[in-house]
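Consider the two complexes below, in which chain A is the common component and chain B and chain C are the respective partners.
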Partner chain A sequence: METADPHADVAMDVEERAEAETGSEAESSVGDDAEDDDLSVLMRAWVNERGAPELLEYEGAALENLMELVEFQTQRIASQPAVVANILRMDVDRVKYLVRSYLRARLAKIERHTAHYLGSPEHRARLSQNELDYAQGFAALEERHLRRSFLDQLDPHLRRLDETAAEGMDMVPRPDLDAAVFCRVRATVGEFQFDASEDPIVMRRNNIFITRYSIVRSLLADGKVELI
Partner chain B sequence: MLGDEAFRLAKEARDITAGHIPAYNEEQVRLVTQETRYLWARREEMNDRLRVAESQGMTSQLQSQALLGGGGSSSSQVAAKTAAADGGSQTQYENDNGQAKLYGLTVRRNKRCLLAYHQRRMGFVRGLLWSVHLAPSLVPAELLQRLSPEEQGFAREYARLNAAYRDAVEEQLCPADSLDWTASGELPPRDLFVEVRVVRDCGEIVTESGVVNLQPGTQHYLRRSDVEHLLTIGYLEHINPT
Partner chain C sequence: MATSEAQQEGFTMPELEYLAQCEDVTIVPLHRMERLELVRGAVGPFRPPQKTQVPLWLAVMLKRANRCRIVAPAWLGADHLRALCREEDAPDALFTRLPPHYLEIAHALLAVAEDDLADAQAVRRLLQDLRETRQTKTREGLKLLNSLQLQMDNLSAAEINEIRPLFGRSFDMLRRLDALAATAADRAHRGSQLGPADDSQYADDADDDDFAYAR
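After this line comes the complex of A and B, so read on.
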C-alpha cells in the first residue's frame, strides 16, 4: 500500500462509490486499485462481518499489514508539526477503531454460537488462533458457570450441553443463515437464480438486493457481492 | 401444575433487557432444579418397571414400541389390540409408559428453561462488563447485588478471558501500541481532543503531554483516548459533545 494516509482513502472510497452509483454502469470486474488496498479490504470485511449472520473468513493478512502501517505512522507523528501530527493521530485512532470494531463483531458472534463454531473443522478454520483460544476459553467458562449454577444438581444424564433431543431438537444454537441481508454487487454476476421457483435475475455491478443470506453466501465468499 | 415453575423462570428470563436485570432468583432456580430431579427419579423408576414388564413377555411389537419411545397414537392402538389379552397389566403398562414420556419431556423442558434463564443473564453480565471497560470492580453496587455469587465469578473470569485475548491480539498486531480495546465500539472517533469537566475525583492521570491532576470541578482539554474510560464510567463529563 502506497498511500501514507489511509484516511484519505476512506474519503476517496466514499466519493468513488457515490460516483459509481450515479454514473453510467461501469461493468468492469473487481479490482480497482482503491478497492484492493488493506484498508478497503478490511473496511469491506468489517461491514460484511457486521451484516452477515455467521462468522466469515478472518482477514488476518490485511489486519497485520494495516497495523504495521499504523505503527510506521505513529513513529512518524513525533517528527511532524503539531497540526499535521493531530491529523495523523486522528487517522490512526480511526484505523484502530476499525480494527477493534471488526474483532469485536467477530467475538460477539463467537460468543453467541460458541459450540457451533467449535463443532466442525470447517467452522474452526474461520477463526484465528487467538479467536480459537478465546472460543475454547469461553465455552469452558460458560459450562463452568452453568454447572455451578444448577447443572451439577441434576442427574448426570442431564448434564450435557450438546445433545440432540429425541424430538430432533438440537441443543446447540446455530446462526440463522436465512436472515435477511442487503448486498451490493461488486462484479457483474449475470443471471443468478435467487429462488428455485422463480426466474433468474440479472445481477449487475452496483445493483442492490435484499435477500436471504444463504442465497448470496457463495457470492459473498467469492467477493462478487458485498453486504451493506 | 407440571412445568409451572419453569415457566415462571422463562418469563423472568424474557424480562431481562440490556438496561435492566431482576435479582437472581435463587429460590425459583432451586424449585425447578428440585422438580427436575424428582421427575427424573420417577421416570427412572417407571422405566425400570416397564423393562420388567417387557421381560415378562409382552409382545415383540410392544417392546419395539417402548424402545422407540412410542410413535403416534394409532400405532399404540394397534399395539393395545395385539396385547389386549393381557388386560390389567396392559393398562398399567400404558399408564407408566405415558407418564414416563411426559416426565421425560418435562425434564427436558425444565432444563431448557434453566439454560435460557442463565444464558440470558450471562448475556446481560457480558454487556454490563463491556459498558464498564471490562473492569468487574467498576460494576455499580446496586447491579452487583442482583447477581448471584456464581455470576459475579463469571464476570471476573470473563474479564480475564477477554484481557488474555486482547493481550494476544495486541502482541500480534501492534506490540508497541494499544488498540484501546475497551473504548466505545459503537461510534467511530470524531474528535482527537475533548473538553471535559471532572465530576468525581480521579487523581492524577498520565497523558502524552504529561501528568494531569483531575480535581473535581476543574475543566480540561485532553486527548479523547486518554480519558475515554473515565468518561464512560461517569467520572468525567463531556462538555459540548458534537
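After this line comes the complex of A and C, so read on.
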C-alpha cells in the first residue's frame, strides 16, 4: 500500500492538471473555435444526424468546400513522392467516407419519412436540391407501387395516402421527436428546465445527458449541445 | 437501404474507430519530412527527435511504416490507470474523467505501438478492469432512468454506444407509460367532475383503453 501511494500522487497530479485545463476551457462560453473548420463541422453534423430522429439543417457550405478541397488534393497527389502520396490519398479517402456517411444518414431518414419531408415548405427547406429530387422520385415510385398492387382496386375515397382525420389521426408517418437521445453540452448553458414541473438543472460544458430529442432540439440547432 | 440496421441503432465499431482516429496524438518522427497539407490543415514538419501532433490515423500509418514512435498519452500510463481504477471503485464515485474515445485510442495504440507503451501488459489488464467497473456502474444507472433526463457525465463514446439500444428503448417505454398514466389520470379526473350523468361514455372508453384503466 505504501509503495502505491507515490503513484497515486503522480496520478492525482495528472488529474488535477486535466481539471485545471478543462476548467479554463469551460470559462470561454462560446464553443471551441478550433473546431469550426469545415471538416469538424461536417463530422459533428454527421454524428448529430445519426443521433437525431428528424432530418437536421443541411450543411451544404461545409460539404461543398470539402469536396473542392478533395478535388484539389487529388490533383496534387500525382506530383508527390510515394510516402506523402499515400498519406494524402488516405486523408482524401477519409473525407470521402465522411461525406458518404453523412449523405447516407440523411437519405435513410428521407426514405423513412418521405411524405413528411415533402409535406411542408419548412421541412422541404432542409433538403438539398439533390435530396429533394431523390425524395420526389422515391415518393412517386412508392405511390405507383401501392396503386398497382392494391390501391386502384379500392373505392376511390380509400385511395389517399396523406389523409389527416380529426382527433390527431394522421396517415403520414412522422419522426418521433420525443425519442431518446444522448447529448453532450458544448458551451455552458446554465440553468435549463427539462420540464415545466421540474427544478432546472445546470448544464455545464461536457455534461452528458440522455433525454428527449424535443427538449434539446433548440439547443442542438444553436450548437450549444451535440448528440453523441 | 441507405444505412444498415446496425447503423440505425447507433454507430458501428468501425465508425467509432473512424471518429477516434481523428483525435490528435503526439509522435516522435524517426525520419525527416516536410509539412503535410491535409484537408483539415497542415501537420508537421517532421524533424527527429522533435515531438509533433498528428491525427491518430496518421500516427498509426507512420508507425506501421516504422517512421515514428508514438508517445503514450498521460492517461494511458499504468500508474494513472491504477489510480483511476481505485477512484472508479470507491463507493458512490461518479465516472472518472477519460477522453471520449479512450477505448478506441487505447485499442489502436495497444495494437500497433505496444513497444512504445511502458508496461503494456499492465495497461491492458487495468483497462479491462476499468471498463468492467464502469460497465457495472452503468448497469446500476439503469435503475435511475426516468422518462425525462438522466445525467451521465464522462461516459465515453463507445460506452454510450453500447448502452444506447437498452437505455434508448427503456427511456422510450417509460415515456409511453407515463403518457398513458397521465391520460388515465386525466380521464379519471374528468369522469369524477362530470359525475354519474356521463357514465355511458366512460364505460365505452374503458373497452379500448383497458390497459390504462387496469392500473
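As a working rule, the second predicted complex is superposed on the first by the 196 of 228 C-alpha atoms of A that agree within 3 Å, B and C clash if a C-alpha of one lies under 4 Å from a C-alpha of the other, contacts with A are read in each partner's own complex, and residues count from 1 in each chain.
Everything that follows uses one rule, which is that contacts are C-beta pairs under 8 Å (C-beta built on N, C-alpha and C of every residue); 3 or more make two chains touch, one makes a residue touch a chain.
Note that the structure is a prediction, hence the values are computed from the model and not measured.
Q: Applying the touch criterion given at the start, work out whether A:Val47 contacts chain B, chain C, both or neither, answering first, second, both or neither.
A: The second partner, chain C, only.
Q: Is A:Val84 touching anything from chain B or chain C once the two structures are fitted on A? First, second, both or neither.
A: In the superposition, A:Val84 contacts chain C only.
Q: Of the two partner chains, chain B (first) and chain C (second), which one does A:Leu132 touch, if any: first, second, both, or neither?
A: It touches nothing on chain B or chain C.
Q: Under the stated touch criterion, which partner chain does A:Glu71 make contact with: chain B (first), chain C (second), both, or neither?
A: In the superposition, A:Glu71 touches chain B alone.
Q: After the superposition on A, what does A:Ala179 contact: first (chain B), second (chain C), both or neither?
A: A:Ala179 sits against chain C, while chain B stays out of touch.
Q: Touch check for A:Arg104: first (chain B), second (chain C), both, or neither?
A: A:Arg104 sits against chain B and chain C alike.
Q: Going by the contact rule set out at the top, does A:Ile210 touch chain B (first), chain C (second), both, or neither?
A: second
Q: In the superposed arrangement, which partner chain does A:Arg94 touch: chain B (first), chain C (second), both, or neither?
A: both
Q: Between chain C and chain B, which one touches more residues of chain A when both complexes sit on the common chain A?
A: The partner making contact with more of chain A's residues is C.
Q: So which positions on chain A get touched by both chain B and chain C?
A: Residues 70, 86, 90, 94, 97-98, 101, 104, 107, 111, which sit in both footprints.
Q: Spell out the part of chain A that touches chain C in their complex, as residue ranges.
A: Touching chain C: residues 4, 7-8, 10-12, 14-15, 18-19, 22, 37, 39-40, 43, 47, 50, 66, 69-70, 73, 76, 83-84, 86-88, 90-92, 94-95, 97-98, 101, 104-108, 111, 176, 178-180, 182, 184, 194-195, 198, 201, 206-212, 215, 228 of chain A.
Q: Once bound in the complex, which stretches of chain A touch chain B?
A: Within the complex, chain A touches chain B at residues 63-64, 67, 70-71, 74, 86, 89-90, 93-94, 96-101, 103-104, 107, 111, 130-131, 133-134, 137-138, 141-142, 144-146, 148-150, 153-155, 157-158, 161, 165-166.
Q: So in the complex, which bits of chain B are touching chain A?
A: 29, 32-33, 36-37, 40-41, 69, 107-108, 111, 114-115, 118, 122, 126, 148, 150-151, 153-154, 157-158, 161, 164-165, 168-169, 172-174, 176-177, 179-181, 183, 185, 188-189, 192, 224-225
Q: Sort out for me which residues of chain C touch chain A in the complex.
A: 1-3, 7-8, 10-11, 15, 18-19, 21-22, 33, 36-41, 57-58, 61, 65, 67, 74-75, 77, 79-80, 82-84, 86, 97, 100, 145, 148-155, 157, 160, 164, 167-169, 171-172, 175
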